[in-house]
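So, here come the structures, one by one.
You will see two complexes here that share chain A, one where it goes with chain B and one where it goes with chain C.
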Partner chain A sequence: MNVLTSVAEVSWFILLVAAGVAALVGYLYSHFKFYARSWFFPVVLAVFPALALAVSGGLLGGYTLKLWLYFAVAEAVIAAFFRYAVKGRHTVPYLLLAPAFAGLALLLVYPFVFEIYLSFHDLKLTTIMMWKNTGELPFVGLDQFVKVFTTSPLSETTFWELLLRTLVWTFSNVFFHVLGGFILALMLNNQIRFKGLYRTLLVIPWAMPQVVAVLAMRGEFHFTNGFVNIAITKLIDKLPFLAALGLAPVQWLSDYPLLTCTLINIWLGIPFMMVVILGGLQSISSSYYDAADIDGASYFQKLRFITLPLVRPVMMPAVTLGTVWTFNNINVIYLVTGQAGGTEQADILVSALYKAAFTYNRYSYSAAFALVVFAMLFFFSVFYLKSFDAAKDER
Partner chain B sequence: MATVQFKKIVKRFGDNLVLNGVDVEIQDHEFVVIVGPSGCGKTTLLRMLAGLEEISDGEIFIDKLLVNELHPSKREIAMVFQDYALYPHMTVEENMNFALRLRKLPRAEIASRVAEASNILQLNKFLKRMPKQLSGGQRQRVAIGRAIVRKPKVFLFDEPLSNLDAKLREEMRVEIAKLYQRLNATILYVTHDQVEAMTLAGRIVIMNHGIVQQVGSPIEVYRKPVNLFVAGFIGSPTMNFVPGRLTVKDGTAIFSSEHLSLPVPAFVLPQKEALEGREVVLGIRPDDVLVERPGGEKCSGRIDGVLEVCELLGHRENLYLKVGGQRLLATVEAFFNRSPGSAVGLCFNYRNMHVFDKATERRISE
Partner chain C sequence: MKTKMTAAAKRRLVKSVLLHAGLLLFAAGCVYPLLRILSVSLRPGDKLVSTDLSLIPAGATLLSYSKLLGDTMFLRWLWNSLLITLATSFIGVSLASTAAYAFSRFRFPGKKAGMILLLSSQMIPAGMLILPLFLMIMKLKLMNTYLGMIIAYSVSSLPFSIWILKGYYDTIPRSLEEAALVDGTSQVGAFWRIILPLSTPALSIAFLFNFTTAWNEYLVARVVLFSSKQYTWTLGLFELQGQYITQWGMFAAGSMLVTIPVLCVFLYSSKWLISGLTLGSVKG
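Right after this comes the complex of A and B.
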């Protein structure tokens, strides 16, 4: 019987998905087919928002005027798009893109719009019940954005301290990622034995799930049982004068949490840079090096005048990506310091944001905070890619 | 300027013998072209001279100085690469003065050398451009300019024209010839194109399978190829080869193959060695197959053939003939007014006929 129930459930699910796809296709088909008719706008505006309201109302258990209004506005935008931009062309491509687009709209566009909505209202522990009961939130305008810069997301660290710390964190990480990746790539680009083996071993930190890698490394920084302190102890045993110089086991996790996070994240980030840079190195034609040899360039001159400029086009996008990833890296910080008894000394903007939202329950404040972080990264990326494009055109 | 000497040069890649005892001497101010089919080791030889390839055995001298262990930059050579190897991120000017900047020459000196080279090569307009913005021929000129500014003892050209289209290649060939007249430098030029070799060279070095086959002036290698390979490689269209056997009758050598038979006079093949029964290959260039023309005294008697195909080239015409089962190519003045399939009479010009031993492939005629 259990089997039958499962089969029925699966069939029901498949039917549901099929119905969803059919509804999507029918919806799009009507827009492709009738976009030019005079009755197009009145009919679609009458039919589709009402249908959507019926379905979502049935699911959520309420039919509000506001919800209908949202659907009507969305439908008006879509209908106008089909009438004035698509004009019945490219039917098949749009149909094929539609499922992905619907998924994106659900997973990206909706949360983003909701985040903007939250950032202009005031959702926090004291207003959340009101929101649940009435569906209304007090509108506060730009208040939340002012608060982002004036109040602290955490108990002891201010926004500006966090920003500075984040910049230091991002810069030091990306710097060592590129440096380490570059050195390893240069070494792997030589004719050496067991090259494939080294490459595989070096890529492991990157290939492992980040949570596992970080937790494993966190264990290695434990005061008594971690590899790092054990190594230091053994070293002092062998070379006692090091102890005289002040070398001793370190309380990594409580005394230097940000340094520990940085070390772990550097270890995690080097393989990606190495792979990217190695690809760049291998695409440089060896005749440039022949020419430079004849021109009399030394190893470092070749590195500076040929390798670096020619690897730059591959490296720049990777550095941009790496910067955004590091700036946004909550995994390492949270997993190393965020658990019970954790410290705030290692928090960067995004991990503070997480704590503000889910430890201190300041949802609207966090939404505004996230938008500020997003804006920073957005402008950074645009600026970076623009300047990179300019450099490329020059060539 | 300088002399270059290769002494018993050997190059091995693992078990693969690429060069097997190359001995060549290049005089001061000489334009030497190394020519051969791909894989014959000519580029490897050039790269060994440049110092880009290790020398397995043998010695290389530049100006009587042993350079085997010398770093490329210390050999005072300049090389023009097949793919130009212009640094893509530097302007034409930066490309040309890179070596001089590395040597930390005074600024004025660098500027004057670049100006001089760009005048010679008419590159003045392009100095601030990037290599990407230049055409193939212009890039080639920049690559040559980069060599000139260094005032090297020897210029090395590694198939410099093979990336250009046919028309541009002809233009650049003339440019290089002019450049040589102007610079009067020692030039070593590698190519697989025998036309480039014939037109540019003062002396040609013909290589095959890592061995020097013949060294000589263009006219020497054309008129007196030492073996079958050189005979087939030099000259266009390719020489006709007719395999057969010699017999001696009444003191005259007679060449006979399955399809044709003709006497070989003593001024072509002196009877120094035993010729009776010797397996040979007769070589005759298409120009020396005379079709429907009275031969005269230094030609063979009339041979009957059939015209298979005519190819009109403009001023000349290629005739594909068949004598029995033997195919022959003849080039004649245009227009040869016969339709394919018609019978024609032809004869061989003895003055330019070659006889090669079939077993050794070496030339045995005068």
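Right after this comes the complex of A and C.
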């Protein structure tokens, strides 16, 4: 019974989405098709504002003249746009695009705009009931942005510490991802047996569900039952002189949380880079290497002057993506340290943002925080892509 | 018979031994954690917390599995995840398939801007949109429901799906549609009867990508769902792993049950996924 009701609920929702798409397409189609008819303005002005009023009234429970007037003005503008600017051109592509872009507008662009609205207002645990009931919030101007730089998003760590930690985290992760991926790709790019098998085994960390992979690795860093400390203990048993050198089981999760997260994330991220770089290596024609062999080039000369420059165009977008992903990686850090009593010694900007919003319920503050982080990422991307384009032109 | 190896052959042999040794070492590092989960999931209850490193534990049982399926709501969590994921993937791929066709076959004002918008949407930190989506879902009174989750997930993979599908449509020769148009089909009819059936491989890859993204999602589910009946499996496993060390066996059993199908699907589809990921770069 439970199964049936849940299926019914979801199917009903899918039908609702389909109806919405059909309504949107029908609405646009009528404007594309009949824009030139003499009855165009009177008919659309009579039909669509009334329909919109009926739907929104049914949802919100109120049919006011003011609302109808809004809809009528909006419809007049849209109809005029279709009549004098669009003139029925490009009907098919726009109709094909409309549903997807309506979805993106509702669930990507609108939330983004809403985030900006939030950052200039004050939504927190004490004002959320008021907002739920009336939809109004006190305006506080730039206060939230000032707070981002002057107070801690968590209980002690400041914005600047988080920024520094994020840079260290991003740089060390991406560095080891690329290094490890490159070494593995070079090893795989040889004529060896079981190549397919090795390749399959090596992508397992990427292929596993991330939640399982991170939680399992977290278990391996447990003080008494994790693999890492057990291995250290056994090693000391075998080679006692290591203990004299200061090797001992480590409280990974409480003493070195950031290091633990970094190790786990390096393990997770190498396969992606390996696969991308391997694809790049395989696309290099062997004639370059043959020519180099004739000239008597050494292995490292070939690596430096053939492999690296030719893999670069494939690698750069992957590195950019990897940098953005690592910078934005909440998952690993939250899953390792996010439980009750978890430490904040491993938090980077985005995970602090998530905790500020949902552990400390500081909504507006974290909205401002998110915009600051977004601006940083945006400028990084623009700058980075520009420099990449410049490098491309040189070649 | 005594054969003397030449120096070159010797070098080749050494190289191949070193390569195999290195690859084996790395492969072991990649697989070992998975094998450890398997081993923990097979341990009898009294040996869950041991420092034993052997892969098949002494007295291996399937007790953790039966306890997981009998005592927790694991099946219910899987069902919740499955429903949410199927619905979002269906919506996502349907929207992407038509939009990608527009980008692949037509020239229209705003085409380039649209493509750039799609790419740049990938730059928005995922964590940033969780808050407004959470507040929207709260305002719509959809907290703790399937619908709230489906709404939050449905467009997250849309840009990437459009990107993959456009790349695939670009490889289908236009002459096929032109022939159909000459025979009197409309442009939409040609898309529906010719392009879509030909694109089943790309459509299934886009579907799989949508599916795995939603299936493995954790952060949105954490804030939208709060009663354990509505949990997706990611939340359920986190609970099992977090609270008591005695549930370690059940956590491991659940992990195995979820990981194996996902691994199979991923390994099957990885080739196409990767070509999708690197498409822009190869062309650029």
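What we mean here is this: the second predicted complex is superposed on the first by the 324 of 395 C-alpha atoms of A that agree within 3 Å, B and C clash if a C-alpha of one lies under 4 Å from a C-alpha of the other, contacts with A are read in each partner's own complex, and residues count from 1 in each chain.
In the analysis below, contacts are C-beta pairs under 8 Å (C-beta built on N, C-alpha and C of every residue); 3 or more make two chains touch, one makes a residue touch a chain.
These figures come from a predicted structure and were not determined experimentally.
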Partners on chain A (chain B, chain C) - clash or fit: fit
More chain A residues in contact - chain B or chain C: C
Partner chain in contact with A:A367 - chain B first, chain C second, else both or neither: second
Angle at chain A between chain B and chain C, C-alpha centres, nearest 10 degrees: 70
Touching partner for A:L97 - first (chain B), second (chain C), both, neither: second
Contacts of A:C261 with chain B and chain C, given as first, second, both or neither: neither
Partner chain(s) touched by A:V17 [first = chain B, second = chain C, both, neither]: second
Contacts of A:V3 with chain B and chain C, given as first, second, both or neither: second
First, second, both or neither for A:M187, with chain B first and chain C second: second
Which of chain B and chain C A:A291 touches, first, second, both or neither: first
Touching partner for A:V319 - first (chain B), second (chain C), both, neither: neither
Smallest distance from any CA atom of chain C to any CA atom of chain B, in Å, after fitting: 8
Contacts on chain A seen with chain B and repeated with chain C across the two complexes: none
Interfacial residue positions of chain A with respect to chain B in the complex: 285, 287-288, 290-297, 301, 305-306, 309-310, 394-395
Residue numbers on chain B that touch chain A, as the complex places them: 47, 50-52, 71-74, 77-79, 81-83, 85, 87-89, 98-99, 102-103, 130, 132, 146, 150
In the complex with chain C, residue positions of chain A that touch it: 3, 6-7, 9-10, 13-14, 17, 21, 90, 92-94, 96-97, 99-101, 103-104, 106-108, 110-112, 114-115, 118, 123, 132, 184, 187-188, 190, 192, 194, 198, 200-213, 215-220, 224-225, 227, 230-231, 233-234, 267, 271, 275-276, 279, 283, 313-314, 316-318, 321, 324, 327-328, 330-331, 334-335, 339, 350-351, 353-354, 357-358, 363, 366-367, 370-371, 373-374, 377-378, 381, 392
Footprint of chain A on chain C - complex, ascending: 16, 19-20, 22-23, 26-27, 29-34, 36-37, 49-51, 53, 79-80, 83-84, 86-87, 90-91, 95-96, 98-99, 101-103, 105-106, 108-109, 111, 114, 117, 121-136, 138-139, 146-147, 150-152, 154-155, 158-159, 162, 187-188, 191, 215-216, 218-219, 222-223, 234, 237-238, 241-242, 245, 248, 251-252, 255, 258-259, 262-263, 266-267, 270, 274, 277-278, 280-282, 284
